[in-house]
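One chain, chain A, links the two complexes that follow: it is found with chain B in the first and with chain C in the second.
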Partner chain A sequence: MEQILNRLKQKIEIKSVINKRADLYFITIKKEHIELVLSHLKQQENFTHLAFLQAVDYIEDDKFQLTYMLYNYDIKVNLGIKVFIDRDKSEMTSIHKLWPHAWQYQRELKELFGIDFPGSPRVDESFVLEGWEEIPPMRRDFDTLAYSVKTFYQRPGRTTNDPKRYMKEKLYKNFAKSPESGRNDE
Partner chain B sequence: MSLKDIISPFNVWKRAAQKPWTIKDPLNDRPGADNYRGFHKNDFDKCVGCGTCEDICQNAAIDLVPVQTVETDMSDSGLRPKIDYGRCCWCALCVDVCPTGSLTMSNDYTWVTDDPEEYRFIPGADKMKWDDCEKGYKRAENFQLIDFDRIKMNELGVEERSSSFIEMVKGYSKEQAIEEAERCLECGICVARCPAHMDIPEYIKAIREDDIELAVQILYKTNPFSASCGRICTHHCEDVCSLAHNGEPIAIRWLKRYILDQVSPEEISKILKDIIQTNNKKIAIIGAGPGGLSAAYYLRLLGYEIEIFESNEKGGGMLRYGIPEYRLPYDQLDKDIDYIVSLGVKINYNTKISEEAKFNEIYNSHDALFISPGLWNSIPVNITGEELPNVISGIDLLNKVTNKEEIDLGSKVAVIGGGNSAMDAARTAKRLGADVEIYYRRRIEDMPADVEEIEEAQDENVKFFPQTTPLEIKKDGSGLKFIWGNNKMIYEEGKRPKPVLIKGETFETNLDTFIIAIGQNADLSFLPTEIRDNIETKWGKVVVNELGQTSVEKVFSGGDASNSKADAVSAIADGHKAAVGIDRYLNK
Partner chain C sequence: MNKKDINNIEKEMKLANEGLSEKERTLFSDARPTPVKPLNKYLEKFLNWARAESLWILAFGTGCGAIELRPLMTSRFDMFRYGIAPRPTPRQASVFVIGGYASIKTIKRIVRSYEQMQGPKFVIALGSCTINGGMYYDSYYTINRIDHYIPVDIYVAGCMPRPEALIAGFNKLKMQIKAGKCDGMNKYAENFDWYKENQKRVIKDWNMPDYNW
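Showing the complex of A and B:
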């Protein structure tokens, strides 16, 4: 594996290498190098299988992280290729020419994170969220609670209690309670 | 046709003899993965009903509801989460955030019923088939959404502090305070536990939002002694903090102090904008301690004219004369008192009510009285030699230090007792240059003193002799000879372990000074016989009702002389309660 990475290093800059397990590595590269790296790994190093492509929203850094998970059947090693892209202009090179099935992953990311892959087949078709009108739901600024309160009705008969108020009612409701004084009462 | 094409159909046939991979009875024989996020379980012994699960739920699937099997008490709201499985998406955020770790998931995922109402259930209360299921999702050890570690407080080093009376705790900076405030889950369980029922989550929220003005206003609603309480409060609120079950509780006391540290006395007036509309009714208060002054503050806000009678030269009571300066600097206490006085509260210092006539005059010329004389009589140990000149009480020592009197304790001192007064006396003696030993009947863990005070005393090299009984004090040249014995602890189910003297194991220690700090009681001798006979007392404490009223209608009472907790915040709560009580009594 070390040789594979060394050969890759001669071509491009690798920002970090994490060796999670004997059969699991992650590397971080620049997003411009993605096609070069993936085609090199597929064609020269036998990482023939693209297992998945997924994203993480690093909202604090204004970035999305994409992970391309590859697998090599000969040496039985998983290799994750990570890139960071801007969150505002969230766009990435499509890799459907390297792995045709990547179009489906890219369509999913378009819908759930709003990351565009220009040229990727059927990228604008809805994936699971038919008729979705909100911001993409996997973006961390999407307010899940507000959405569920707005969209789904509550079953009738639900009541809840605030611990602070409930304990006052149960344990000390008459403490310093005066009809005269506005200040001492809630 | 190749040979392979001929053989391969037979190869397939050999599978017929192998065990099938499919499951025969998938409903009964297919358990979830070990870490599967299946149906919820809640350990009622751990759950305190803080409602953090409800707050984090992104589907609004959780309600907090009372359950029959759990009583509401000072550390448990008595409420438990009820989950609507019509909304739950089994994301497990509730499990990840649960501060006590009571909420977990089983790996069971099949549940069939024809009544949709059943899918709203209270894990732990309603008996479920997966209750005993060990497997399922639990928060991993190294993964937590909650910050369980408190922001460290800067303190003077042991060397520096053991020889000076400079305040040892330095206080939080703004960044530290906001960071600490961000840990608060806002469950509000602490509010019930605080004797004064301060709105702790609200003032912590104000710190987080850097709104000091609002924070000051919230504090004064229930406590006009926040600069002092922010330093010396017994902070039982922190004992019940929902973070305390698996980590360090919010530093509620230090955060309160932080608020008052940010404002000058002048700013307090500007922020509170208290306007007094006098109602011409007069209230007399005996004792200008935290109880008396709190009553004065809240009564003054209600428009009453207040006259306080205080035997000492300054106000603050035990906060000034019983708590050493390194824990509560006098200027901080003055900050609290000065604001109350600035509202037009009159205090007569150096005025001890010692004659019946004086008391009767006060009694007759005021509409109501609040008595909060405090506990100034040291309880004796009842051993031979207690009357010797170098035997003093802890409260006397602390009093003398406050009054800056000349004190010579010599080089070796023993303190008897295990409460905060004993720790204060011991640590004060240490600062005056003596070697100090503490003798206590029970074990260290049985001491009523705050754990911090015990640890700080140990850090300062005060030696502890737990499980000892003082037997006799003798004069020995210019010093004393102290004779004591060892105790063994007798354990009885459901009772506090009892110390029993081991016969024959007695020791002698040479001392210069012997300090008694096993407790204090109230001196009610200032009351005229007729009133004293009518005021009900129990175990030496004045008995009051919910309004702070004694069995003599016009007389209200509070503070150490009437409550059993005998700490500052309870006295403050008593003062607040009685102020409202007096107002109700005079307006009924």
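Showing the complex of A and C:
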């Protein structure tokens, strides 16, 4: 794995390498290099499997983080490639030419996060949200509770209990007399 | 009232089918559903008994609760001994089991299937999601109360209810049908505009006829 990363470092700049486990690595690279890196890893280093492509919304940094998870069947190593893109101008290179099934992930990201992938097939079609009019719902500035209250009908009388306290009061009334520190499940 | 007024009223009572294109509009009916009056007392009683003893459920799993229908069908809980059988299409079914949460994408299909079912038809809603949203009460795409979109006869509470609870629900439904209390279909026809308004409020891309025959 070290050799693979060294060979990659000769080509482009790697911002950080995280080694989570013996078979799980994460590298962070620049947005422009993604096509180069992925085609290099697929063709030269035999990372033939794109397991998933997903996004995380870092609203505090005004960034989206995209993770491309690759797998190598020869050396049995997972490699996550992280890319940060701007939140306002969220646009990314489409990789459907490298892995044809990536169009589905990209379509999902377009709908749920509003990240555009120009050139990706059927990227503008609705994936699960039919006729959605608000901002993409997985963005963290979208308030789901407010939207739910506004759109759907709440049934009055709904109460919510804190599970821990509720269980203690209702189920473990006699049980709770035993010192709390003595119980491992709390 | 002269003839002109009657014509106008008839025109207003017709459905607009605005979701369809001009060409498609001619293919669908624009008539509203009408309430059905019960027949004479004893015949209706006999019919209700017959309806209650042969409940045919629509095989449309609309949420996670549909998983409870599998053990119900198979040998352990064996719903056939209660005269309940699954049917593949809405036209043949008389009971619609809403299995748990319904997203907006699903409620569109639910409305369509429900309207295509032939009367008399009954709805069992299982799971807390259908009652008040359950754990998805703050979700952006899961409706909270199913009874604002289609009429519901029996609720089975739980998350998820066991097949035993479902059997109890079916038996309750049978008792209600025999007592002649299950008139969800008539309720739907009488409050048709209210239901349509609620449905169209959540289903933004309404591209089907207003009433699906």
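Note that in this section the second predicted complex is superposed on the first by the 155 of 186 C-alpha atoms of A that agree within 3 Å, B and C clash if a C-alpha of one lies under 4 Å from a C-alpha of the other, contacts with A are read in each partner's own complex, and residues count from 1 in each chain.
Everything that follows uses one rule, which is that a residue touches a chain if its C-beta (ideal position, glycine included) is under 8 Å from a C-beta of that chain, and two chains touch if they have at least 3 such contacts.
The structure displayed is predicted, hence computed values, not measured ones.
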{"item": "Which of chain B and chain C A:128 touches, first, second, both or neither", "value": "second"}
{"item": "Chain B versus chain C as contact partner of A:172, first or second or both or neither", "value": "first"}
{"item": "Touching partner for A:144 - first (chain B), second (chain C), both, neither", "value": "both"}
{"item": "First (chain B), second (chain C), both or neither touched by A:152", "value": "both"}
{"item": "Chain B versus chain C as contact partner of A:161, first or second or both or neither", "value": "first"}
{"item": "When both partners are placed on the shared chain, which of chain B and chain C touches more of chain A", "value": "B"}
{"item": "Chain A positions touched by chain B in one structure and by chain C in the second", "value": "144-145, 148, 152, 154-155, 158"}
{"item": "Complex contacts: residues of chain A adjacent to chain B", "value": "144-145, 148-149, 152, 154-155, 158-168, 170-172, 174-181, 183-184"}
{"item": "List of chain A residues in touch with chain C within their complex", "value": "128-134, 137, 142, 144-145, 147-148, 151-155, 158"}
{"item": "Touch list for chain C against partner chain A, complex", "value": "103-105, 108, 131-133, 137-141, 143-145, 148, 198, 201-205"}
{"item": "Chain A-touching residues of chain B, taken from the complex the two chains share", "value": "49-51, 54, 57-60, 62-66, 72-74, 77-79, 84, 86-87, 120, 187-189, 191-192, 197, 201, 221-222, 298, 301-302, 546, 573, 576-577, 579-580, 583-584, 587"}
